[in-house]
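There's a structure below that I have some questions on.
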Amino acid sequence: MIRRWLPYYLTLPSFIVPTALTFAWILGLYYSLTDFDLRYGIRNYLGLGNYADLITRSPAFWGSVATTLKYSILAVGLSTPIGFAVAMLLSQLTGLKTRLIRTIMMAPLCISPVVATIMWRIIMGPTQGLLNYGLNLVGLPKLDWLGNPGIALWSLVIIDLWLSVPFVTLIFYGGLQSLPKTPYEAAQVDGASRFFTFRKLTLPLMKPFLMIALLFRAADALNAFDTIYASTKGGPMRATYMLNIYAYDNVIRWKQLGYGLAIMVVTYLIVYAVSKRLMAFWPR
Amino acid sequence: MSTIALRSLWKKYGKVEAVKGINLQIQDGEFFCILGPSGCGKTSTMRMIAGIESITAGEIWFDNQLVNDLAPVKRDVAMAFETYALYPPLTVKENLAFPLEARGEPKARINERVEEVAKILDLVDVLDQKPAQISGGHQQRVSLGRCIIRKPRVFLFDEPLSHVDSEARRKMRGEVKRLQQMFKTTSVYVTHDQSEAMALADRISVMNLGEVQQTGTPNEIYHHPHNLFVADFIGEPPFNFFDCSVVSDGGQLAFRTQVGNHRILVPNTIKERMGDSLDRVLRVGVRPMYITPSLVEQEDSQIHGTVYVFEGLGEEGVLTVDVDGSLIRILTEPDFEGKPGDRVWLNVDSSRIQVFDPKTTNNVLSC
Amino acid sequence: MHFKRPGWGKTLGAIGMSLGLILVLAFIVLPLLWMLLMSFKSRTDVMAIPPKIVFTPTLVNYQRLFFGTQKAGYDAVPSDFPRAMVNTIIIAGGATLLSVITGTLAAYALARLHFKGRDFMAFSVLSFRFSPALSIILPVYAIYRRLGLYNTHIGLILIYQTISLPLIIWVVRSYIESIPVDLEQAALVDGYSWWGAFTRILLPLIAPGLAATSVLAFVFCWNNFTFGLLLGAAETHTLTVATSAFVSYEQVLWGVMAAASIVTILPAMVFIFLVQRWLIRGLTFGAVKA
């Protein structure tokens, strides 16, 4: 502990930006309680009116909640085990191969989700796309990846996997590397099979990392916007219409800032609730 | 129960030769120590015996079975690690049960065994705690418990006491010996602490730089070290050495120190051996307890010097004497009255000296 | 799990593992490669059915990007792209710089000083990561319009703090916490002020981690889309927004779009490649602290 006041005066100003942002957030909360229209400004204070409208009079809202949840469950449910498996595979390698593969794995992390989505649009193109070409080669029928309402959500999940599996892999990889090595030698001597060791030793030790991965993934999936905007914009026929897109439409297309913000607040609440629920499993 | 044979065992890490073609024969039920300083290859050897380290060349035999390619589990060994290597997410009870559970033993039997072992090692109070929550001493006992719960063919101890504080270490030493005798299992114990090896082992193998320097009972190693390394490594305080040449002193053969011109009589027992070594420079060694100091010059005093420091240790005393610039350590009575700077005369018990060739480092007397 | 010892891991399993890894790597690399190829394809090659793998490369797309024109309605105007590049450098760079300065100080305060509301501040900084970007942007949109910060570099630099600041504060805080206070206290005893201790002792120790994290923050800013989209207009378009603008010309400009994507990706990849070793350590390091 250092001399009293000077450090405070000098470091607390750096909290200005976060404070301002928090203020903006609270302002947004306030706006969600009004009928703020971008053309006319605020006319009435509505209390929880917007929220009531959302719940009772907006099928689009419930549709987008369902779609968002479906997407999130798929995205998180797939990327986490895949990332874990890849991390395990990666940690079996040694030397140069590891570095090379790790570097390749980092590529999707450096790429803007929007750019990645564009890239996948090219590949998922119904007529000229690489994917359909490949399917054709093997004799399978071509698919309209982003245009078919039945498949579109899955295509978005694929794009998300491309972006997120490296991230999840790296988290688990770091975790696996940080595990103590001698208990594993002891397990060998004690005669434990690979699976037994994994179940009793690795899994429990990896719990904190699993939590981190799940928290980040859940938040990112529930908050998805970039990729959807850059690809389907919520279509086709609302197959990929998620909460954030709904909010975006409300604000930018229909100029309803208050209503849009209400949707955002609800989204945040969902994320918060999910995070809380996940944290309950934290091994403390 | 098993004999263990190491034949021309090699271990290389890339270009580094950690174990250089060693040969060892360990008897059934024996408590065998591998002793040596850090980096001598003892741990690598043990890990190869366990099967967690691959063998570069050579063979390891358990009884009549070549175990080179067998997984650790098939070798039926148990190992106590230097760092305990307990399973962090499991309770002490689960840690102890792990080896049995891994082999699919029935629950009832597992619980039985865990209770037994917990009683033997005094772990009953901590059964429900995790390794991070218990003391180092407890952790060490859990590590041992995990070893004995299976009743394996061989016990392997990799410096299990090196992180235990000295008070507990002496106690635990006794416990380890007791356990081994209880189960009469062949045990290999690796350590860098020579007093530990001397106290515990039936036989010791001293290693340095990947090679076995000498194998024998504690007695043999202590009294008849084969080379300078073993002589210097065993015993605390260690051997005192004097570089001497053999001279004839009016019919009597004597060792004349190169520095200071002191004379130690050559005992009759080795006279013939020394006869043809006139003018050869040899290193003569004497253990601290075979030198008698006196503050008054005696008739049979052979060496003289000045007191450097005296440490009274209760049951005995350690006197350090400055002899022409070298420090000689002597074990004495606890109430020796010399002060730094006093002149002191030393008498060496010639029958206890060992003679080494400084160039080959070998013991001239045992070869 | 390191099982390269006798008995564990049979060859069949090893083949399966390699196969799995290859599949994953192919999944990651192929799309990128394809886009790279596409950026060098002429207009006809781009549209070819079936897609061509062998073709004569051309730089036409890149030329278009930097020196060419783009359609605005039926007029031709000079390409937006070079300006988008400059914008992105200014905004991402400025945001990172601001975050490094304020974030390091804030991290220091959070790690070393004890004050009321400390945990609350830490939590709120972290929570920005979990809120939908839009929930911040939309009210800010309204505010910015009123304050005249809409469509300005400064405005964007400020709002980009939501991306870079939490990251820097979070990671730097855990770095600082991992360094024993004793070193700074020794410096204080030797007569340095707290600022001296901070700059001479602490900063050099966290410098490599800080550098790596700032690169990561820079890359995240570089790659951001929503802020640039909603709080900027033509003058302040970032690369990501400019690239996505090609999307409306679907049928015609795939090649240029691919080229734009490659240009957007390249700097980020280079940076990440340079600091990758620290990142893995930092990612998990900071991760457990949360």
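Points worth noting:
We call the chains A, B and C, going by the order they appear; numbering starts again at 1 in every chain.
We take it that contacts are C-beta pairs under 8 Å (C-beta built on N, C-alpha and C of every residue); 3 or more make two chains touch, one makes a residue touch a chain.
Just so we're clear, the structure is a prediction, and the values are computed from it rather than from any experiment.
Of all chains, the one whose mean C-alpha position sits at the greatest distance from that of chain C is B. More C-beta pairs touch across the A-C interface than across any other pair of chains. We define each chain's centre as the mean of its Cα atoms; on that basis chain A and chain C are separated by 16 Å. Rounded to a whole number, the gap between the C-alpha centres of chain A and chain B is 59 angstrom.
Those residues of chain C in touch with two or more other chains are numbered 4-5, 8. Residues of chain B found to touch two or more other chains are 51-52, 71-73.
The residues of chain A that reach two or more other chains are 188, listed in rising order. Those residues of chain A that touch chain B in the complex are listed here as 180, 182-183, 185-193, 196, 200-201, 204-205. Touching chain C in their complex are the following residues of chain A: 1-3, 6-8, 10-18, 20-22, 24-25, 27-28, 31, 36, 38, 82, 85-86, 88-92, 94, 101-115, 118-123, 127-130, 133, 136, 162, 165-166, 170-171, 173-179, 181, 184, 188, 194, 197-198, 202, 208-209, 212, 215-216, 219, 222-223, 225-226, 229-230, 243-244, 247-248, 251-252, 257, 260-261, 264-265, 267-268, 271-272, 275.
The residues of chain B lying in touch with chain A in their complex are 50-52, 71-73, 77-79, 81, 83, 85-90, 94, 98-99, 101-103, 146, 150, 156. If you check the complex, the residues on chain C that touch chain A are 1-5, 8-9, 17, 20-21, 24-25, 27-32, 34-35, 38, 46-51, 98, 101-103, 105-106, 108-109, 112-115, 121, 124-125, 128-136, 138-143, 158, 161-162, 165, 184, 188, 193-195, 197, 219, 222-226, 229-230, 240, 243-244, 246-247, 254, 257-258, 261, 264-265, 268-269, 271-273, 276, 279-281, 283-285, 287-288, 290.
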